[in-house]
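Here come two complexes built around chain A, the first alongside chain B, the second alongside chain C.
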Partner chain A sequence: MSTEKYQVLSGPEGYLPPAAALMGIVLPARGEALVEGSPVARAEAMEKAAEKLLSAQNPYFFPGPLILWDWKEGVAEKARAVGEMARAAGAGIIPMPDYRPKYPMINPAVEINPNHPNLTIWHNKIDVCVFVGVHCHYANVALKIIRGGTGCYTIALCAEAGHEDAMITFRDMGLAELKQMTEVLIRKKGELQQ
Partner chain B sequence: MIEQKITDPASIFSREGRSKLFITGSEAVREAIKRANVDMAIAYPITPQSESMHLVGDIYAEGYLKDYFRGENEFAVMSAVAGASMGGVRVFTATGGPGTLRAFEMFSTWAGSRLPIVCAFLTRGVNSPLTIQPDTIEMAYLLDTGMIMLHAENAQDLYDMLLKAFVVAEKTEVHIPVGVFADGFFVTHTRDYVEVAAAEFKLPPYNPYSAPVPVMDMENVPIRQMRDPFVMKSNFVSYATHASWQQEVMAAAERARPYIHRYLDGLLEVETPGADILIVASGTAVSQSREARAMAAAEGTEVGLVKIKCLRPFPAAEIQQITRNCKAVIVPEFNRVGWLCREIKAVVENNGKVIGAPRVFGGMTMPPELILDQIRRCKA
Partner chain C sequence: MSKRNLCQISPGFEEIMPAEYRDLVERGPYGKGWGVAEMGSFKELIEEHPLCAGCGLALSMRLILVSLPSPEDTVVVGSTGCSALAFPQVALHNIHSLFGNQNAVASGLKRALALRFPGRVKDVVVIAGDGATCDIGLDSVLHSWFRGEKITTIMLDNEAYANTGGQESGMTQRGTVLNMAPKGKKFGKVAVPEIARESGCVYVAVTSPAKPKNMEKAVRRAVLLARDLGPTYVQLLCPCPTNYKFKPNETLDRIRDQEKQGHFRPREYYTPEAEAFIRQLEEAKG
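After this line comes the complex of A and B, so read on.
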């Protein structure tokens, strides 16, 4: 067995990639994020995520049920903030409205499903994606499948403890943090245009 | 309902300001649940667990729980508990021995559904042949269900572990069941001093809306998102999803480690780690080992003791490190198969030095002299 530190990199990693948590990757502490499995300050990870999004050929946001439904106070504001972020990143939006597998075949042009997220990524040739508002279990299930079968770079904007299986993961992403990420994107985009 | 003040878990877990009760392990279960802010408990009697859930019924009658009922059998109870947990309430149950086996399918279902159920397993022998006496064999079967497994040495551990189990289980990134195990009769039916927090305080409530899976709330969005129909399909997509799902359940247990360190002061405790002879045990075998260790010390032999508190996740790295330089590892157990010995052998370097003895079962006690005999053999 390799003694090298496991890195959470874009794939395709193989037939059945491991859960990063079982390879020694530990969720970030408060105020931190993970970049490819290593802890960094949240601000530094925002810079890295913005670079990835702005240099992507075809970035997409995958908002999940936690922000697609106006189910509790504050959610609508967060959803608007995510929309602004996607626009700032020049990214498309494909929703993950629920978690039921779509059989016999999902329509990958218009939706994504955690049980077969690779189909949507392959169909739309997505090279960088952002998970936001997806329940943590389903995000982790999907992130491993994406790492296994696609070359897509994954970013998770988690409102809870984060996702080791994403290449960049944030934790405790509230409204203020989402807006901060958008500001970083706008500033970075300005720098690139100069 | 009884009025109790919600307080920070750390203050309930603190040893400061506790009062000392002389109670049985079953009564320690009652005292823990009284302070755990449990919404609902569901019971089905089986010796030696019956008294503990009876006592939980008593505190329901006193107003400490919102709901309590008796199911028609253990499988029904564990299924109903799953439904309650999916609905977003904090739920508790207990079983043991043949009751555990009767309900078995549900334990991996709990873990696979990411349900933070806390269950006390008050262990006894199973039907090989029929016995109601102490034995830990059911723990062998439960090692790979996906749940976190804590093993109490005594009634104090049982009280503390039950309360802490809710807090660990309900962390968003963990969110899997916790089984708190105690050796039936030896712990449940004997009296011991147990320090308990003031009963006017209780844990904060469970917040199901931070769960990693949707609450099965049929009144509010996001709703009606069933969790598992993919398993019925025969194609690569469903197989890959199922595999990723199982990995995620294992990852959830792994994420519990820092919380077990924080709340239980580690997955194990070590006394005299540098000794040539180490005893590694869990449950009441630790108490017997402690007696044997004192007897060996009286003979001039230094023996180390490793008390394993958490079996899942398993403290593999810790055990590997602690046993690296010792000459012998003695693993005493209350079951015939030696499941703990197998676990230890799998992680100890040069595992020929691991001795799976003494082993008693079927209700037999473990006199410390049996362990002392093993210590003397190691020394010879």
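After this line comes the complex of A and C, so read on.
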């Protein structure tokens, strides 16, 4: 095993890439995020994520069941915030409504499935994607498959502890943090247009 | 959390949800209490599946899903076998367990759900084949019954290990010759319904998809009784056209023929408490 610090970069890294955790990447501390495996302040990571999204050719948001289904109080507000963020980023949205391994029935044009997320990414030629509202265990699986089999740059907006297998991962993303990210996107877009 | 919110799409995402999910929300059975009589008028929990044409098991699964009293609060535990190929298409929480582990998984799940949702009834229903129930998983099945776990066990009895080429199972009838059982089976069907009765099941039913209303009644009774009284067991005869080499359109006739010849014997067993409970339910229903 190399002694150099492992970087979580876009792939394709090959069939069965190592889990980033196995390569020494540790989840971010509170108030921090990871950019390509290195801890940085959340605000700095937001800038980087905004740059990636705004410079992408075909960015997409992949909202998961925790956001797509209005299952408890507070979800509707977060769903609206995610929609606004996608619009600010000029990104499309493809939903991950559940985790059933619907192979080979999935229609990659209209949905993404965590058991074979590469199909949707290949089909739609997505170069940057954002995971939000996906249960952590399935986000981990899907992010690793994406890194293994595609060149897509992954960003995870996690409400829990984050995902080290994403190229940029945030943790504790509540409503306020989602809105903050949208503000960064709008400001960055303005800067790019000047 | 209201039942309505469980299958409500968040604002702003209605348009991007695939049609299948919009259909489930707008025309699905969650919280509606629909059953066999309403089939054809709503979006069912399984519509596309990869099982063989004429598969008795596929028809049974369809009818089981239609018969569940509270699909929105039901978790199904499956096992290895033909049914496992169809579960990914079922729009219901379902868990695939290791071959034969299904009743152990269901026992833990039922207890965990009771802790996680103390004010809410969550039904746990095992749906597994005859190999998983009667052979490979018989130990976990029996011990779940001995312990009185409040779960429903449904055996899809196609009388063979069907998706591995056709080996005999404990539920294959005496003398049956299959692709991988060329000498014919040397002993008869294991009497699982009677074993269930003696092992603590408060309700046992043997039925088939040839009589959908009967089957619906058995599944509903089994699920409702398991909520309060204890384990229940339903055994469904689901003939397999692929391994038994009959035409796909002959599946239901085959069940009827088996019944006429006395090889298939629909029956019900219940404890006195279960009988009283059923009477109460049916009186309340009018």
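Going forward, the second predicted complex is superposed on the first by the 193 of 194 C-alpha atoms of A that agree within 3 Å, B and C clash if a C-alpha of one lies under 4 Å from a C-alpha of the other, contacts with A are read in each partner's own complex, and residues count from 1 in each chain.
Here, a residue touches a chain if its C-beta (ideal position, glycine included) is under 8 Å from a C-beta of that chain, and two chains touch if they have at least 3 such contacts.
Everything numeric in this text was worked out from a predicted model, so none of it was measured.
Trainee: Overlay done on chain A, so just call it for chain B and chain C: clash or fit.
Mentor: Clash.
Trainee: Looking at A:L9 after the superposition, I want to know if it touches chain B, chain C, both of them or none. Which is it: first, second, both, neither?
Mentor: After superposing on A, A:L9 lies clear of both chain B and chain C.
Trainee: According to the stated criteria, A:A41 is in contact with first (chain B), second (chain C), both, or neither; which is it?
Mentor: A:A41: touches no partner chain.
Trainee: Can A:A21 be said to touch chain B (first), chain C (second), both, or neither?
Mentor: first
Trainee: Mind working out whether A:P95 is in touch with chain B, chain C, both or neither, as first, second, both or neither?
Mentor: Once the two structures are laid over each other on A, A:P95 reaches chain C alone.
Trainee: For A:K72, using the defined touch cut-off, is the partner it touches chain B, chain C, both, or neither? Pick first, second, both or neither.
Mentor: After superposing on A, A:K72 lies in contact with both chain B and chain C.
Trainee: Give the label of whichever partner, chain B or chain C, reaches more residues of chain A.
Mentor: Of chain B and chain C, more residues of chain A lie in contact with B.
Trainee: With the two structures laid over each other on chain A, which partner does A:G148 touch: chain B (first), chain C (second), both, or neither?
Mentor: First partner only, chain B.
Trainee: Do chain B and chain C land on any of the same chain A residues, and which?
Mentor: Residues 68-72, 98, 100-101, 103, which sit in both footprints.
Trainee: Which stretch or stretches of chain A touch chain C in the complex?
Mentor: 63, 67-72, 75-76, 79-80, 83, 93-95, 97-98, 100-103, 105, 107, 110-111
Trainee: Looking at the complex, which residues from chain B come into contact with chain A?
Mentor: Per the stated touch rule, the residues are 114, 171-173, 175, 209-214, 220-222, 225-227, 229-230, 233, 237-238, 240-241, 243-245, 247-248, 250-252, 254-255, 258.
Trainee: With touch defined as at the start, can you tell me which chain C residues reach chain A in the complex?
Mentor: Listed in rising order, the residues of chain C that touch chain A are 1, 5-13, 16-18, 21, 48, 88-91.
Trainee: In their shared complex, at which residues does chain A touch chain B?
Mentor: 16, 18-22, 26-27, 65-66, 68-72, 98-101, 103, 114-116, 119, 135-138, 140-142, 144-145, 148-149, 160-162, 164
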